[in-house]
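Note that the chains take the letters A, B and C in the order they are written out, and that residue 1 is the start of every chain.
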Amino acid sequence: MCGIVGLFLKDKSLEPKLGALLSEMLVSLSDRGPDSAGIAIYGATTGNEAKITIQSPKPERDFRGLDAELAKAIGAPVSLAAKSTHAVIRTTSDKVDAARGALQTLRPDVRIMGAGEAVEIYKEVGLPEAVVDRFDVRAMTGTHGIGHTRMATESAVTTMGAHPFSTGADQCLVHNGSLSNHNNVRRELIRDGMKFETENDTEVAAAYLSNRMAHGKNLGEALEGTLSDLDGFFTFVVGTKNGFGVVRDPIACKPAVMAETDQYVAFGSEYRALTKLPGIDNARVWEPEPATVYFWEH
Amino acid sequence: MPATTMPKAQSDQSHARVFDLAEHSLRELNQALHKLTPGSNETAWEVLHPRGSHSVAVGVDQPVSIDVRGSVGYYCAGMNDGATITVHGSAGPGVGENMMSGQIIIKGDASQYAGATGKGGLLVIEGNASSRCGISMKGIDIVVHGNIGHMSAFMAQSGNLVVLGDAGDALGDSIYEARLFVRGKVESLGADCIAKEMRPEHIALLQGLLDKAGVTGVKASEFKRYGSARTLYNFNIDNADAY
Amino acid sequence: MTYKNPPTTPRKSATFDDYTLSEIRRAAQTGIYDIRGAGAKRKLPHFDDLLFLGASISRYPLEGYRERCDTSVVLGSRHAKKPIELKIPITIAGMSFGSLSGPAKEALGRGATLSGTSTTTGDGGMTEEERGHSKQLVYQYLPSRYGMNPRDLRRADAIEVVVGQGAKPGGGGMLLGQKISDRVAEMRTLPKGIDQRSASRHPDWTGPDDLEIKILELREITDWEKPIYVKVGGARPYYDTALAVKAGADVVVVDGMQGGTAATQEVFIENVGQPTLACIRPAVQALQDLGMHRKVQLIVSGGIRNGADVAKALALGVDAVSIGTAALVALGDNDPRWEAEYNALGTTAGAYDDWHEGRDPAGITTQDPELMKRVDPIAAGRRLANYLKVMTLEAQTIARACGKNSLHNLEPEDLVALTIEAAAMAGVPLAGTNWIPGKNGF
């Protein structure tokens, strides 16, 4: 059980404040999720450069010299910027898969949080305030982002159990609710070649989306699929390269509030998350309908 | 027990007790309200900067008037018994839940479960209400100027729900004896909920509710009435699908 | 001399036993599921499968009756201004006015008060009689919200948010038309004589994140005075306990499948929810993992019958137990003196569980004015107090034999198990071995 936030900026002048605004939104929901927190920030793309966000339980050991080793392994320039237990690796877009493969060999303990041209994903155990401080999220710039703060229900409180879960290049998912058929769905996805790291129901939803898209569906169609193939209570917010999407299950008990102005579209599990956004007093505030997929894109 | 004459929701600004939630805690506000005794002269309160806080002005049991300047979170005015509480903004889930008597006015929108399990009093929502409006209601009167969401009046036992706008799916599912009046369209009706005849007594009742809620510009005759078909009142295997 | 085919002895099927055959016939006849009261009746791993070790050369007993063995417990110390102090660690579980008669509820209140413990309201709300006769009263906050009001919240000594109960985790209350009298109907805001359908989820919150906000609301309404309990059935005791703690509960109540109900589907009682014994260690483990054991108290119910059960539950880490069915039996439920009337109803003393029909010969699970007279609240209250006294003395006897000066000093290491199932569930060794199935990988 959890709190979710999402922010999509229409007004470019707010981009330097994305991290600060999203952090404020997330911290206001700390009561809903004291166990762990995570945030995905979508920043400017440079055309042919891609990023991989990695996490290590032993960052000192694993990040030292990694850029040079990777560059050598894949034959392309690699830069690495470390932030506490996470680091962002940059390389040319065509070398991302090679870099992922090389990482597995060079640093088997390192986990990949997400990859893509725009996205960086940070998630850790701890209160939202501690997590945003650790990764200096308030200083980050971007066009849009989603965040999550977690109260673990049936699986362990671990870094990998935190949301967002990556579902594909530049795509990730956060979830508030509790699925009831995720074990069966997980087994089918494993048979279809998907890999899992946790017992978490949200990881199953994320893998479901990736799997559908790998079979040719677009994200909107994959989200429609969740309404019939996943059972339980859920509000999903997905981040994509160009925006974000929202869907609530047909029973729609888990809360969801949206606010829109000329400057942004925002999502929060509670209205409380939106109160510090600029112009919120004059925003159009509404609740998404059940069993309906919503999308905002640049 | 429904209140007959209620104080209008306007406070005498110059004598109002002002409570700023940016300076003081929620606990202080609610405890101060609970310390009121009959005959107290602190009959008007202003609550500033609620900023989406939960449980604002809950469990009030004196006939004071409270103006909340801003939007609130969950359960605002929960279990209200006699106060007149106006939210100059929107309300989160469960506004006025289990209200016993009194009046609550939401100037903006209300989220899910508005008026849930309310026993009495009047809840007026000037904007829209979300899903499950009036769920399990037990005597409260709810008047919504805008629309209401899906599964509204679920298992509604008694009281009246008046909607000037539209209603979402599964209206009045498993309803007992509550009365529903909808002026707009109803997306779909829930189990055992059917359209019913509007007889003169219903027109009169509805007009009374509209007057009490200060609604003008519409006529009672423009509404349709919905209520229980009463086929689920005693277990019968042929109705198994509805359970 | 030739035999005709020698007959074999007639043999009934264990799978299609007499009860099963009668149930199939009943279903074919009526077309509706069987509804009854009480908890799971089939044989389950339970406290009988555990034994105390007692005193020995290495462990010395206390003198019975001379050396103190404390039985008191404080519930709700986490947040409440006024925690509940009980003289004995046995409380009376939630049972509604509506499912029980007024005199029965009064008897429970009188007996509990004489014993220095609490009673609990049920799905019908708080009656004046119960508030008047129970010195310590826990007020249940259920999905139905029948009769819920702020005045009773403030008059209560504690508030119990009911998420579920052991007989039917995931089901709501059920009261059939026969028991919806004028008074019951008025308290529940229902038409008289109809069948009450109850919601299985709360109307205005879903999930532990929202439960936290709801608990906060209840505290604000009652100025943070009262302990807030959260009650769950035996579904996922580890996670449920952890989440109740995270949502802010002062006390967690876990009710196993042997826990009774006034009425629900037989199939629900016997097939959903775990045995009480299987719920205890996971719930205690969750509290220990959160560093909250003894800071958030744990009450367990479902099949508690005697002082040995009380002692065993406490040894496994529980702070107090609750009794429901046993309390009713103490009042006179299923007493053989009404055997002729039980037979007329097609049953026998000890088996009568059609409490939903409201025809209880003992006058306890009924609203019939004539039958109700069979319970004298003062005498029945005395019987309950006697029974609670015996359970307490039994538990003290065991604790002293184990060398404890307080019931709360009993430990898992004081126990062994007679079966592999009980050893695994309770986390104690199989008698005569060092083996705890499941621990240390085997």
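The working rule: a contact is a pair of C-beta atoms (placed from the backbone, for glycine too) under 8 Å apart; a residue touches a chain by one contact, two chains touch by 3 or more.
Here the structure is a predicted model, which is why all the values come from computation and not from measurement.
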Among line, ring, star, complete and other, the chain touch graph is complete
Highest contact count belongs to the pair B-C
Cα centroid separation, chain A vs chain B, in Å, comes to 38
Dist(centroid_CA(chain A), centroid_CA(chain C)) in Å evaluates to 44
Residue ranges of chain B touching at least 2 other chains are 54, 73-74, 93, 112
Residue ranges of chain C touching at least 2 other chains are 210, 213
So chain A residues touching two or more other chains come to 253, 255
Seen from chain A, its contact residues with chain C in the complex are 1-3, 31-34, 151, 153-154, 176-178, 233, 253-255, 269
Seen from chain C, its contact residues with chain B in the complex are 30-32, 144-145, 148-151, 153-154, 176-177, 189-191, 194-195, 197, 199, 203-205, 210, 213-214, 216-217, 220-224
Listed in rising order, chain B residues that touch chain C in their complex are 26-27, 30-31, 34, 54-55, 58-59, 61, 73-75, 78-79, 81, 93-94, 97-98, 100, 112-113, 116-117, 119, 132, 135-136, 138-139, 154-155, 157-158, 174, 176-177, 232-235, 237, 243
Seen from chain B, its contact residues with chain A in the complex are 51-54, 71, 73-74, 90, 92-93, 108-109, 111-112, 128, 130-131, 149-150
Per the touch rule above, chain A residues touching chain B in the complex are 252-253, 255, 257, 270-275, 285-287, 289-290
